[in-house]
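For clarity, chains are labelled A, B, C and D in written order, and residue numbers in each chain start from 1.
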Amino acid sequence: MSASRHVINESRSDVTASGVNKARYLAVRGFTAGLCKDLHPEDTVAQSMPDASPVKWHLAHTSWFFETFILEKSIQNYSCYNSEYRELFNSYYNSVGAQYLRPNRGLITRPTLTEVNNYRTHVDQHMLELLDKPEALSAELLHLIEVGLQHEQQHQELMLTDLKHLFSFNPLYPAYQESPDLPTSDTVPLEWRFVDSGLHIIGYQGEGYAFDNETPSHKYYLQPFKFASRLITNAEYLAFIEDGGYQRPELWLSDAWALLKQRQWQAPLYWQKAGNEWQVFTLAGLQALSLAEPVSHVSYYEADAYARWCGARLPTEQEWEVVARDSAVQGNFVDSEFFHPVSALPGPGVHQMFGDVWEWTQSPYAAYPGYRPPQGELAEYNGKFMCNQMVLRGGSCVTSQSHIRATYRNFFFPDARWQFSGIRLARSVD
Amino acid sequence: MSASRHVINESRSDVTASGVNKARYLAVRGFTAGLCKDLHPEDTVAQSMPDASPVKWHLAHTSWFFETFILEKSIQNYSCYNSEYRELFNSYYNSVGAQYLRPNRGLITRPTLTEVNNYRTHVDQHMLELLDKPEALSAELLHLIEVGLQHEQQHQELMLTDLKHLFSFNPLYPAYQESPDLPTSDTVPLEWRFVDSGLHIIGYQGEGYAFDNETPSHKYYLQPFKFASRLITNAEYLAFIEDGGYQRPELWLSDAWALLKQRQWQAPLYWQKAGNEWQVFTLAGLQALSLAEPVSHVSYYEADAYARWCGARLPTEQEWEVVARDSAVQGNFVDSEFFHPVSALPGPGVHQMFGDVWEWTQSPYAAYPGYRPPQGELAEYNGKFMCNQMVLRGGSCVTSQSHIRATYRNFFFPDARWQFSGIRLARSVD
Amino acid sequence: MSASRHVINESRSDVTASGVNKARYLAVRGFTAGLCKDLHPEDTVAQSMPDASPVKWHLAHTSWFFETFILEKSIQNYSCYNSEYRELFNSYYNSVGAQYLRPNRGLITRPTLTEVNNYRTHVDQHMLELLDKPEALSAELLHLIEVGLQHEQQHQELMLTDLKHLFSFNPLYPAYQESPDLPTSDTVPLEWRFVDSGLHIIGYQGEGYAFDNETPSHKYYLQPFKFASRLITNAEYLAFIEDGGYQRPELWLSDAWALLKQRQWQAPLYWQKAGNEWQVFTLAGLQALSLAEPVSHVSYYEADAYARWCGARLPTEQEWEVVARDSAVQGNFVDSEFFHPVSALPGPGVHQMFGDVWEWTQSPYAAYPGYRPPQGELAEYNGKFMCNQMVLRGGSCVTSQSHIRATYRNFFFPDARWQFSGIRLARSVD
Amino acid sequence: MSASRHVINESRSDVTASGVNKARYLAVRGFTAGLCKDLHPEDTVAQSMPDASPVKWHLAHTSWFFETFILEKSIQNYSCYNSEYRELFNSYYNSVGAQYLRPNRGLITRPTLTEVNNYRTHVDQHMLELLDKPEALSAELLHLIEVGLQHEQQHQELMLTDLKHLFSFNPLYPAYQESPDLPTSDTVPLEWRFVDSGLHIIGYQGEGYAFDNETPSHKYYLQPFKFASRLITNAEYLAFIEDGGYQRPELWLSDAWALLKQRQWQAPLYWQKAGNEWQVFTLAGLQALSLAEPVSHVSYYEADAYARWCGARLPTEQEWEVVARDSAVQGNFVDSEFFHPVSALPGPGVHQMFGDVWEWTQSPYAAYPGYRPPQGELAEYNGKFMCNQMVLRGGSCVTSQSHIRATYRNFFFPDARWQFSGIRLARSVD
């Protein structure tokens, strides 16, 4: 691992510190800025699809979040940086007011990147003043700042996935970074771990931070199941492709098959064939497909079809959680700055539970029994998306290590492919 | 209740008989024909949206089902009625072969209604020959015939809902039937029934017929909850509308709000305002809104928003099933020939669990733990739809009484409104 | 030629009589009914695209035209047949009022065909009463009746082209009629007729009936040109296809090339390849492609590309008119009941100017200098369409002989293919 | 007028010099660069609709034009700057090869603006070397360079109109320039100039540069007509709006009315109402509507409806040309750097024929009699667009004075509004 990577990892130590304080605030916010340091202003403007946002928008929106939910609420006579930003950088909070039309975010060339960075500085100055007097901060305010930091980490991940998506449209295949020295290893055999039936507690129970959608914790009865010891690799997914996986309707959900034909899917996103060789577009540009690495950028539909093809299924989110809570939160996160999944290591137990790729579960994103959204404007943060989406677990190679945990629930529509999303298998036991 | 209705009800007694035999086959198939007896040929051609099908297509497809899955498999040298029908009347069975483009079903003016009825007669003749020798029928064949009869009943319901949808586009507001003498009663108060937590068995366990998606039965832990004693009425839903329900984003799921604005929803499907009066299009034509009747033709999105508005929620399908299995399968079904929901009766316990309107649950349609689709072509019957849809329970006023049970799972996309779908509330208990 | 055809031709003699009178009214209206005599009610309901209409709608709309513009205006206390029809069967007359949504015409199953025929009878009775007192009819009223009859003839043509389009979606390939005994002949050589430059009078000048868009007649200077002696044949068009015509962007207009790729055009509408054989769907069902027949069902885009491919161009409408006015209005019209174009005969002069297929010109449909639309509601008849469409000339095999003339201007969007539209070439002379 | 403006105007003198030489090449290319001098890199990336292009793309494409059609053809062993640019910056030349998907031009963040400017420098260096040896340049090559310069001027105009369109989506209403000191005058009365009938020569006849679509010159017979002495003003157009112009279907073409309802047009593009005041977005930001200025940013549909509303019509392009050839090519062009139309001056004759706003004619864009596109790749420059578009004449306030002439034919689709396009009226004379 290179020296520069080491230095950066050190600086990340602040990010992983817990609790709301100046050092952590600066570390999280600084990490966002660091992600953009090699980008040109042009790179930060464009939007490649309505689901994705320009980097410049992410930079502004995360500051907007602190300004709107914390500064405006806690500082008397706070004069907002620019009243037009209230609408321009509101993502989806109807309770805050109107929102600039999402699919048009790429048309907002002003404020420029410099001006957005000035906005960030302005917000940081006021936030630091607040954080200078932690004794004066109410528990509610501390919680809101915590939400703001967690929110910033979520957008760090989106900045990278949105940028990757944008760059993929450019026939010059721009590289966000130089090719990292990825640790390599041979593919280890996939093994099945048995978990017996029983009544479990699902959801977050601790004292630390968790999103509302991880609560309340509740009893859940699980049938016995088997759980794959590692993620599915590119080599394994390639076998599915070569067996005609994308041409066999019996392997696909009805909606999946209709979509596949319409979009002419033939492989995961970012895969392309040059002659007989498969290439993959990565944040380090176009690369040869590495067979031992986990398959990534597949939709739920593809993950589900792959599982059916090999006589298995995807795990439920409860199964995943029960397995994951015995694993340490370690792995290949954004902190390692590979920005790319790496192959599994040999050894007993289950591997790659955290980091590398988000793992599709077969669980639709729904409220836990007794779920209540937070009061106020943040009620819209998670609850209103509890329909039509599927739960993913475990974080990815562009997630912060300090952001993820066993109970963490991510969610995307089943056709989404631009996240680092991959495949973990499970099996029912009769 | 009129004499003619009485006569028909008698004839229905055959339909409700159990087991596969000639009498039941004739009764089920005859009921389909009876539903069409007052239709003009023109009425049977048109298709009002891709989700709906022409009556003529339903008539042909249900015969195609018997021909394809039973006659072709069991009669040696069976010569199919018309080999072109194999593709034309295949709904979605990729394993059978290609399918005529679903949104174009309304363009198929030939075969005419007369010819389709000839096709039905042809299939019936061969089916009756088969059924004449029940001793020669394998268990598998008997099961397939049972599926064919259950399938026919499902399409009887769709014929009526599709026709209602079609007729609603006609400014002449055609009536499928004369106005029925609906039993009326004052609105009874909505009460809450408490159900304690516990481990339950969910799914079908009996010896009779059930669809594969009701199985396997499995243990499921339920938190305590309260369950509404009856369905939500038009009067109650009207209060939601008049409170600005359709203009308040905080009441709606994110996807729901986007859709509502795009489609400009302001009330349930078939409601329209004439001056200050609400009118509803029914199978008996345009009628004044009856306040005590259950609200119908609402989407999941509307049911969910209504529940949020009144501080409640929709039940899960497991909660619904646990309550329902203590109720007799009685109520207002297609057998009563009202083709319209009726108001609840007073009394203890829960009411309207079966019939009247399908009840949206908050459960996405997913496989039960250990679920396996049937072998062969019928694998496509239910399993491939287990994504993006929501479970409804209990049957409606156009469902056959003999077709429904406590474990029965219906499923539709959350924006669907053309079924008789309504609202049952539940509440979590802390 | 069959006896029955002969009889019908005789009855057509009334149609061709000029002037407004009972016999002609009955003949024109009766011809409409005759076109439907072998159709099933089902055939008259469906609509295959927004541009086309159901036969039943055509039957109703043409009666609506007489009712709205003549009976309601001229008969005191005329009580309209059904006031709902005013909107339901209004095509596009904003000055009359709202119109039922055009793309939904196929959803109107009621009034049934029988009821629509009753409507026609009702209108006919009142019209005949009016026509019984010709001396009482004002010039304006006589003109309106004339417009009504011309309008009916236009819809006779549309009924056949719309029905052909509808039937083409049916994999059973229904035949509207038995295969006619088409006169056949070998392909005659295409020759070029020279026309010298000069100042001409373009537009209608006579005393008989003409549409407003044919007026005013005006001076127009023509450069010298050459004009093809006959239409382009299927054999000639096939050579274009086989030379890669549909794969060579340099042959196509920019808009055409974009459309061709989007719609995946590879041949004229209704052509399909069965193995190595080209087949064509006709009103007599699926037939082998006849090489000597004029190519039909091509768009303006295809006609233009074909012309470019062979180093020629399409004529302007003025060039066409100058040539056509020296030809008798004779040819293969709907009167011959072939409902299909036939091959050219040998001989001097120009051939196939009238009938067989409409001939695309390179002239956009625009107002003649000094053009004024009619006063009143019929202002909308032609004028508001003078944009984005191209002029076609000469009538087709489904046009009435009595309806067409050298100055007649038909117009369709350049992508339209469902009319009998073909190719006449011209060339500039340096 | 400011000093800086004066300086720039001086530099423009080179642009207007005729003939291909170094000074003119540098002046034209330099003017392009000058237009971008105050833009941020971010401003040059975004694309607001498929019809418009990013400024950065315009900068690259105009260099691509010189490289592809001149440098690659005339310099032996010319090594192109970047072979990927061949596809990336090809606009629509199928004969050159594939083109990057037009609607995605806003996704190309690399090459950056700096890199694109390097590309321009590279091309300029090679072009200047060529131009250093004018005696070695073939007539064909000189012609191609001339086309390149004319092409660059066309894109200078598009850069400004595309940028205006882009900025209009930004709620901050960025100003491209400070508010110019527009010369103002009271509205002068609109008068009608009579032109008698006669046979005219239409099209370009001179020795200078003209596009192929202006040729060949040919005889054209004109009926007598009247021609408005000046453009229609904002005040006059406002009267149309206030008379319900946008709510009255009888004033609109059929296609126009459908589009107007779909897009909810209620005023010209860039007009918006703040309370009771109309404001207009300009290249100097949001401004109060100036009543005496010519109305701009109207579509053909609106120009046509306005003309109908006041009992007039739009001129044909031949009428326009016959009037214009008696006027000097003077007016408010890009050279004045107002980037906005100005009000008419009093005086005899016709005014505002050149500059200010392009004038919609009622003539569809079609080939002149005997028209032949150029040989080779430039055949695609004009000819393939001769369908579905309308001719505009006279140039605008963002056209170069040296680029326009009486025979110049611009063309846009009838719904286009983002050009500076306005209204000149004409009338037929009986």
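Assume a contact is a pair of C-beta atoms (placed from the backbone, for glycine too) under 8 Å apart; a residue touches a chain by one contact, two chains touch by 3 or more.
Everything numeric in this text was worked out from a predicted model, so none of it was measured.
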item: Chains in simultaneous contact with subunit A and subunit B; value: none
item: For subunit A paired with subunit C, centre-to-centre distance based on mean C-alpha positions, whole Å; value: 60
item: Interchain centroid distance [CA atoms averaged], subunit C/subunit D, Å; value: 39
item: Centroid spacing, where centroids are CA-atom means, of subunit A and subunit D in whole angstrom; value: 46
item: Category of the chain touch graph - line, ring, star, complete, other; value: ring
item: Residues of subunit D that touch subunit A when the two form their complex; value: 40-46, 48, 56, 84, 87-88, 100, 104, 106-113, 166-167, 169-172, 174
item: Parts of subunit D lying in touch with subunit C, wherever the complex brings them together; value: 92, 94-95, 197, 199, 218-221, 223, 249-250, 252-257, 300-301, 304, 313, 316, 362-364, 366-367, 369-370, 379-380, 384-388, 414, 428, 430
